[in-house]
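Per-chain numbering from 1; labels A, B, C, D, E, F, G and H assigned in written order.
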Amino acid sequence: MSDAKLRKLMEQVAAGELKPEEAMKQYSFSPFEDLGMAKVDHHRSTRKGFPEVVFCEGKTEEQVVKIMQSLVEHHPVVLATRATVEQYEAVKKEIAAAEYNKLARTIVVRKAADEDQPAQNDHGRILILSAGTSDIPVAEEAAAVAEVMGNSVERVFDVGAAGIHRLLHFKEKISDANVIIVVAGMDGVLPTLVGGLVDKPVIAVPTSVGYGSAFEGLAPLLTMMNSCSPGVVVVNIDNGFGAGYFASMINRMK
Amino acid sequence: MSDAKLRKLMEQVAAGELKPEEAMKQYSFSPFEDLGMAKVDHHRSTRKGFPEVVFCEGKTEEQVVKIMQSLVEHHPVVLATRATVEQYEAVKKEIAAAEYNKLARTIVVRKAADEDQPAQNDHGRILILSAGTSDIPVAEEAAAVAEVMGNSVERVFDVGAAGIHRLLHFKEKISDANVIIVVAGMDGVLPTLVGGLVDKPVIAVPTSVGYGSAFEGLAPLLTMMNSCSPGVVVVNIDNGFGAGYFASMINRMK
Amino acid sequence: MSDAKLRKLMEQVAAGELKPEEAMKQYSFSPFEDLGMAKVDHHRSTRKGFPEVVFCEGKTEEQVVKIMQSLVEHHPVVLATRATVEQYEAVKKEIAAAEYNKLARTIVVRKAADEDQPAQNDHGRILILSAGTSDIPVAEEAAAVAEVMGNSVERVFDVGAAGIHRLLHFKEKISDANVIIVVAGMDGVLPTLVGGLVDKPVIAVPTSVGYGSAFEGLAPLLTMMNSCSPGVVVVNIDNGFGAGYFASMINRMK
Amino acid sequence: MSDAKLRKLMEQVAAGELKPEEAMKQYSFSPFEDLGMAKVDHHRSTRKGFPEVVFCEGKTEEQVVKIMQSLVEHHPVVLATRATVEQYEAVKKEIAAAEYNKLARTIVVRKAADEDQPAQNDHGRILILSAGTSDIPVAEEAAAVAEVMGNSVERVFDVGAAGIHRLLHFKEKISDANVIIVVAGMDGVLPTLVGGLVDKPVIAVPTSVGYGSAFEGLAPLLTMMNSCSPGVVVVNIDNGFGAGYFASMINRMK
Amino acid sequence: MSDAKLRKLMEQVAAGELKPEEAMKQYSFSPFEDLGMAKVDHHRSTRKGFPEVVFCEGKTEEQVVKIMQSLVEHHPVVLATRATVEQYEAVKKEIAAAEYNKLARTIVVRKAADEDQPAQNDHGRILILSAGTSDIPVAEEAAAVAEVMGNSVERVFDVGAAGIHRLLHFKEKISDANVIIVVAGMDGVLPTLVGGLVDKPVIAVPTSVGYGSAFEGLAPLLTMMNSCSPGVVVVNIDNGFGAGYFASMINRMK
Amino acid sequence: MSDAKLRKLMEQVAAGELKPEEAMKQYSFSPFEDLGMAKVDHHRSTRKGFPEVVFCEGKTEEQVVKIMQSLVEHHPVVLATRATVEQYEAVKKEIAAAEYNKLARTIVVRKAADEDQPAQNDHGRILILSAGTSDIPVAEEAAAVAEVMGNSVERVFDVGAAGIHRLLHFKEKISDANVIIVVAGMDGVLPTLVGGLVDKPVIAVPTSVGYGSAFEGLAPLLTMMNSCSPGVVVVNIDNGFGAGYFASMINRMK
Amino acid sequence: MSDAKLRKLMEQVAAGELKPEEAMKQYSFSPFEDLGMAKVDHHRSTRKGFPEVVFCEGKTEEQVVKIMQSLVEHHPVVLATRATVEQYEAVKKEIAAAEYNKLARTIVVRKAADEDQPAQNDHGRILILSAGTSDIPVAEEAAAVAEVMGNSVERVFDVGAAGIHRLLHFKEKISDANVIIVVAGMDGVLPTLVGGLVDKPVIAVPTSVGYGSAFEGLAPLLTMMNSCSPGVVVVNIDNGFGAGYFASMINRMK
Amino acid sequence: MSDAKLRKLMEQVAAGELKPEEAMKQYSFSPFEDLGMAKVDHHRSTRKGFPEVVFCEGKTEEQVVKIMQSLVEHHPVVLATRATVEQYEAVKKEIAAAEYNKLARTIVVRKAADEDQPAQNDHGRILILSAGTSDIPVAEEAAAVAEVMGNSVERVFDVGAAGIHRLLHFKEKISDANVIIVVAGMDGVLPTLVGGLVDKPVIAVPTSVGYGSAFEGLAPLLTMMNSCSPGVVVVNIDNGFGAGYFASMINRMK
């Protein structure tokens, strides 16, 4: 509860409009729903500009369904990530509006009334680059998150550093973007290249694509962390969600 | 054998009440049962206040059954952890009183005569917090262990740091607890938060929940190890048993 | 601010005893002193039962002096850890009551009026074991912290596992202790041994003593984390302070 | 060279305004100065919005001086980071306008003519939080970089998670900021907390502050990478420069 | 586009033989085919002397088929590595000339017209040694790659260091080779031995063969990296392709 | 070939008993059989006192069969380790005398004529201790290897450090042994304890038994490496074979 | 105390030859001297065949002197390792017979009466090989320890694998040795080579010699752990003492 | 000794031209000089095409001098790497022809008679690229080694990926080289870029330049190991010597 709201409560108490007990009730109202196994954070939409996103990995189908039902009641659009087909099907049975993106492994539920949807962001475009074909699932997760949050997204896949003319071919698109997400496994050099070309913020996503001393994504993570191009920040290995979310956050800055 | 007991033996020998050979037998009595593949430690109950707990991982069903049979003969309550359904079913065939907690993966066998059971500890409550829904199995293992050892346990799950108002909502419960177990994967920040709020001992349990650079629980383990809140100690990744055991141990201190 | 205090404020407001503005002032009172480079947490004493402890490593002498001056004004006893001789001498110039423990590298400032000092805890003794002679500085830090917090402390050093009769010799002392801190570097096996002998909580402190594949304390840290004795918890490498603090916290439980 | 410029060259060639050889000269003009040991990238200002920043670590004093002289000739403001006092003094001898920030270890050279300076960014404020006092040098590097790039910067230091009321006290400042940099060593939990409170982009900077299993900054790096708060991105350990640069980049987005 | 070609274009423009627009078209011709999920690099053959090699791991069967179809249209010989039987069979349906090497897991497609094939390299022989029998699949991948690139290859398998007379028996073959690839897991000592015997370039390939502290190939990787024999270079764990490619590259030097 | 044998050859040549060509043939006789995929080292028996042992992991059934057939022809007893049931059954079809030890995963083939068997070593007994029940397979591999090499072996399993009286109970057996193998996972403290009790060589075998920060055997490996008891050496994680082999080697010393 | 001795005590008590109190005194006699900071283990000589060896690293000069004085009183020969010149000089002042080996960094004190010295072991020779010149200090520590324990030692240094003929030149010496210690840094391949040549036990000592990815001895440690030659065991990085001690232990087996 | 030489010896023996004893002497001639602490490998020049190179790190000045004196007697050119100024000065006193390269830290001794020097290699040029200014010492070591081995070397420094136009500016030089060495710290992306541009063998050298998660060169090592450009091989961190040596080896192939 903000100080402003609390001061207002106190003034109502001082004015006799509110009894202390009632003021305490309002004060202690908990902006989340307690499902026992989960505390659904309905307040996050206000606090963070987008409702809580359901991370499905490690949750039972029943848990995913219950959490999503709770969210759908209060929010115009609800997103779940890392969802299996089985989790999706369990959700679909209870929430008809649920839609599945198999590549990105996301579930989206949108309310019919479009006016409640996040307004389409008109500030600029988020460009999502992937170094290889195998990095596409992570890139698509980022894209799905950015799109559901109201951004215009463009994808350019398989422009890794082994043939830099492929990247340079898209230089104009890169320059025109407002925010750039770069997804890469193995040596993870693509974010450094892109960061060296333009003055747009680059969000680097290492992936677990590779083998041997790629060590499940450790190699590209370290590469990106040590990027000699300024303007490059990093999220967790395979964290397409985090990149899409952060990109959306800065794309709506004004 | 304690020196006190040995001195007593010697006095009995000196008094002619005991022959040296008999004294030696008593001295060398081995307080364990040798099953070949296992040495069941029947002495642990005396030494540690609770009988040996059977860790089922890596044991065959036959081994689990035999070890539990040996323990059940001597102790009013017997606990096994990390038990699969198959191991439980094998035990159940031989020991009718066996009960399975699927979430916590524990098997408990209690003797009918309640008076032999660990007395309900009346000193205080052990509070078990989990950061996420996926951490619940580890939290439940801790709870099951603490309960079987005679403690009153309260659970509050999914109060991770991304929405701190969920945690603050339970501040009273946290203050009222005698001992607090905090279970968290991914970034593992919850124990630091809880440790900063109250003056109760916090037992932090990192979990393998997470992906990428969580490195199977290494990330939350290191976070907890380096906690800047005093009063936080750490057990092994996913070691709900260890946390529940230690919590019980200090909850009965007086 | 606790809900109880807030409710009281509201009742005072309702009773006209307090104006909303004054209530807000009391509500928003910040229980710390802002020194710019540090926010001294004067509230911690209430919240955690002991004032903020100053960790001197990485702080300039000037910073240490200023923070300690701020603390000394409000608290009967003040503790600083990891202090160099130079830091101590800088403090001593400004705070005559400062005392230095060279082995433990702690500075303690006690107010003259003894009645404000933490009451001597009479519940039991904290026993501090070290595996080797080189582990003594860390063990002494734990001892100094536990003592300044009002506990009776006993030390037994150099009872490592290579000659287990040295440990068994002190078995009575170990059994008589209320809480046991075990400090060990290299292979870090001592906590497992002690944990197997008695039913007292064991707080294991890995040290950076050793060479080669001890990897600056990683080896004993992992040993202790994976201890097969129940009732063992772990703090950070060389963290004598954390062990002493936690031991004191559980030693005063009732 | 952009395609547009090349097309223009070709049109000039077609129109006979330019001979092929001259066109080739313009085409191949290299926008950097070759000092042998360094290729000073004068083009970066155009490409990235700020001239090349000199990373002094591992360079001789002579190298730093020569590179800065080359940059100063072409740019209104020049920045060097990780500069020792010795490197600064060598620069100062040759470039009278050089100024040193001892805490941040930066050298800044500004041309007299203010109109060439980066315009003060009026979009919003960059808030820099540090968890501890020892993290201040890294935080100051971030601040120095953001300021020299034309941003308004606010600092709040030592608000680590062990006493969360210190952080909450500054909640308004946190909410008012446009971009937030959070600098933390040891357990590195502060970015998660801040990220959970507001909807502003959080740039997390792990530091090498800590000891034992902090492993020179690895622990807070992993904590931040695995942050359960969305909207948190990470830069390299102790990389105040990278955080300040990226913050400036997104602070000027519109 | 090389400067020479661009100068020629400009001269044609100057001579009126080419309009600026046509020159721009030729200039901007993108030497890759955009399949959406992949950008097939048809230019690589010119740039690197061999067409792009398809790395099948992490690609769907459909993706592999489409990429190979695109390559087969433009190149006389096409190679895919890390192909499963299923991927091969999907390719075979569409490209009748596809051939599978089960041991090496490679697919090769050769055009009928032999004259377009890479000429048989007559400079020397590439010798491929493996330390153990389990290393053969990696060694065969190297062999398959070297052969398809036109080299004469000889294989000697299972000559590990535990019985050095087996290696010395082949000393003549080793001396006669032009380039030597040494494939080894576990302790990875074979490259050091071979490198100590002859003055031929040794390309060391660590494999994930082994268990325990071989850590999936980390042990032999580090051994080879630290080889005390000069003339030894290293590629990624299990990277038979990289070794075969590099060996071919230096085998055709003159 | 030893110098002594070569000198003898030369003397025969000098005496005209042998022509140079024949001498060269004898000199260059290669004491291994080349199966292509394997070079079976028939010389090892002479050189190392026991024929080459077949490590079955990573080999096809066909490869195992062929290598064993080659060995069986020349040696009275042949051993294979890490054999699956399938590999054993393939061997059994071709070599009727093959026997499988399911627990130890070994295949042994003994020739009928007992006099060719390794003589029973009468110097002393090899004692094999395991810390837990789950460590038994590795301990049994060590036992199987030591037995097939002609040693008398005694097993004592599940005497881990959590209940040290179990270990002390067997102190006499420990003192009577000539060589001791200690197999332990998790914290790996048992070898240090045993090494502290007696003056017999202790061969420590870390196992991958454990979870979380045991990191697949890394924790006990480091514990054992840093053992503070002198007289302890270490072999690879789960390497029962290596321990049994080395124990046999020193047990026959005189 | 052994059971045999205890039984004897009891029989004396039964016979009235000993009062219970006196028996208890003898029983509880602690075979170590308590110096406070150290418990000198005078019993180790009986238990392990050689008195406690003083590891000087991390001990103050005063501590080293006191521990050695205590040992010298009870034992004919006393050894200290990792001693600095300063520690030696402090010892020399108090114990005139102390001798320093600068290369091995050992201090040895021998009593005048030779008959009390460890008898020269006549079973065989311990051969110590080093791969490089920089490995000599570790090799010399091993040699010093083995010699003071009564063994005949031979040294062959700088016979690393880059020039294997240097090793083969000493093949006879290698074959004639009873036990072989192999000291190597960098790639650590020498123990595998030696282990492949002969049937003598090989004790491998990795050293911290090397740079880059040798990672302070981790690389040779892993190489040796994964040695494909049977009969190789490993001690800690730079642990010449451990190798010399173990070699002596098995060299005196009969 | 080669078989051919041995056969010749035998024929001489058969012909009575040589007595067996004399043949044995020739056979056993050891092509190295035994200095005790070092075995100088005079045979390496024949075997590897260049005499043994002295690695000075970890050697005393006296050792370096003696080894170089031994080498200088037999070889026209002698090289030492990683030499300190002190080591150089010690050498210079004894060997007047010694020359020091301070940047590369090499000592070279050339005999006056030029005809004995390695002939200048005329096959092509070795190009040495460095990503940054701080990488120059490692690059210069590579250059010094390649030059002393008779190669023509070109250097282009500070062309890192943050400003790729600097690299592309030198594209012609890159295309003209016969072999390319790429030296880079931090993110280590330069070898991938260069490898993607041309069909020349690329030898990648990671350096320890960087901070934080560069982990002393681990980050660029992993980047290079996982390079997605074919034709890239890797040597140890900071191993300029190894790169220069290998480059020279393949540059003289024909």
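The definition used in the following text is that a contact is a pair of C-beta atoms (placed from the backbone, for glycine too) under 8 Å apart; a residue touches a chain by one contact, two chains touch by 3 or more.
Nothing here was measured: the structure is a model prediction, and the numbers come from that model.
Chemist: What is the set of chains touching both subunit B and subunit C?
Modeler: Intersection of subunit B and subunit C contact lists gives A, D, F, G.
Chemist: Please state whether A-D or A-C has more C-beta contact pairs across its interface.
Modeler: Higher contact count goes to A-D.
Chemist: Since subunit F and subunit H are copies that touch, is their contact same (over half of the numbers shared) or different (under half)?
Modeler: Both copies touch with mostly the same residues.
Chemist: With centres defined as the mean of C-alpha atoms, identify the chain lying farthest from subunit C.
Modeler: Comparing chain centres, E lies farthest from subunit C.
Chemist: On C-alpha atoms alone, could you tell me the rotation angle mapping subunit B onto subunit E? Nearest 5 degrees is fine.
Modeler: About 180 degrees, rounded to the nearest 5.
Chemist: As a quick test, compute the distance in whole Å between the mean CA positions of subunit D and subunit H.
Modeler: 39
Chemist: How many Å are there between the centre of subunit D and the centre of subunit G, using C-alpha atoms for each centre?
Modeler: So the centroids are 55 Å from each other.
Chemist: I need the residues of subunit G touching at least two other chains; which ones are they?
Modeler: Correct list: 3, 47, 132, 162-163, 196-197, 212-214, 218, 221, 225-226, 230, 236.
Chemist: Taking the top-of-page definition of touch, could you list the pairs of chains it picks out?
Modeler: Here the touching pairs of chains are A-B, A-C, A-D, A-E, A-H, B-C, B-D, B-F, B-G, C-D, C-F, C-G, D-E, D-H, E-F, E-G, E-H, F-G, F-H, G-H.
Chemist: Using the touch definition up top, name the residues of subunit A that touch subunit C in the complex.
Modeler: For this pair, the touching residues of subunit A are 3, 6-7, 10-11, 13-14, 16, 19-20, 23-24, 27-28.
Chemist: Help me check something: in the complex, which residues belonging to subunit H touch subunit D?
Modeler: Subunit H residues touching subunit D: 132-134, 136, 157-159, 162-163, 165-166, 169, 209, 211-214.
Chemist: Can you check the complex and tell me which residues of subunit B touch subunit D?
Modeler: Where subunit B meets subunit D, its residues are 131-132, 160-164, 186-189, 192-193, 195-197, 210, 212-215, 218-220, 222-230.
Chemist: What does subunit D use to touch subunit A in their complex?
Modeler: It is residues 3, 47-49, 53, 123, 172, 178, 197-201, 203, 221, 225-226, 230-236, 241-242, 245-246, 249-251, 253-254 of subunit D that touch subunit A.
Chemist: Which residues of subunit G touch subunit C once you look at their complex with the stated criterion?
Modeler: Spelled out, the residues of subunit G in touch with subunit C are 30-32, 36-39, 41, 43-44, 47, 52, 57-59, 63, 67, 206, 208, 216-218, 221, 236-239.
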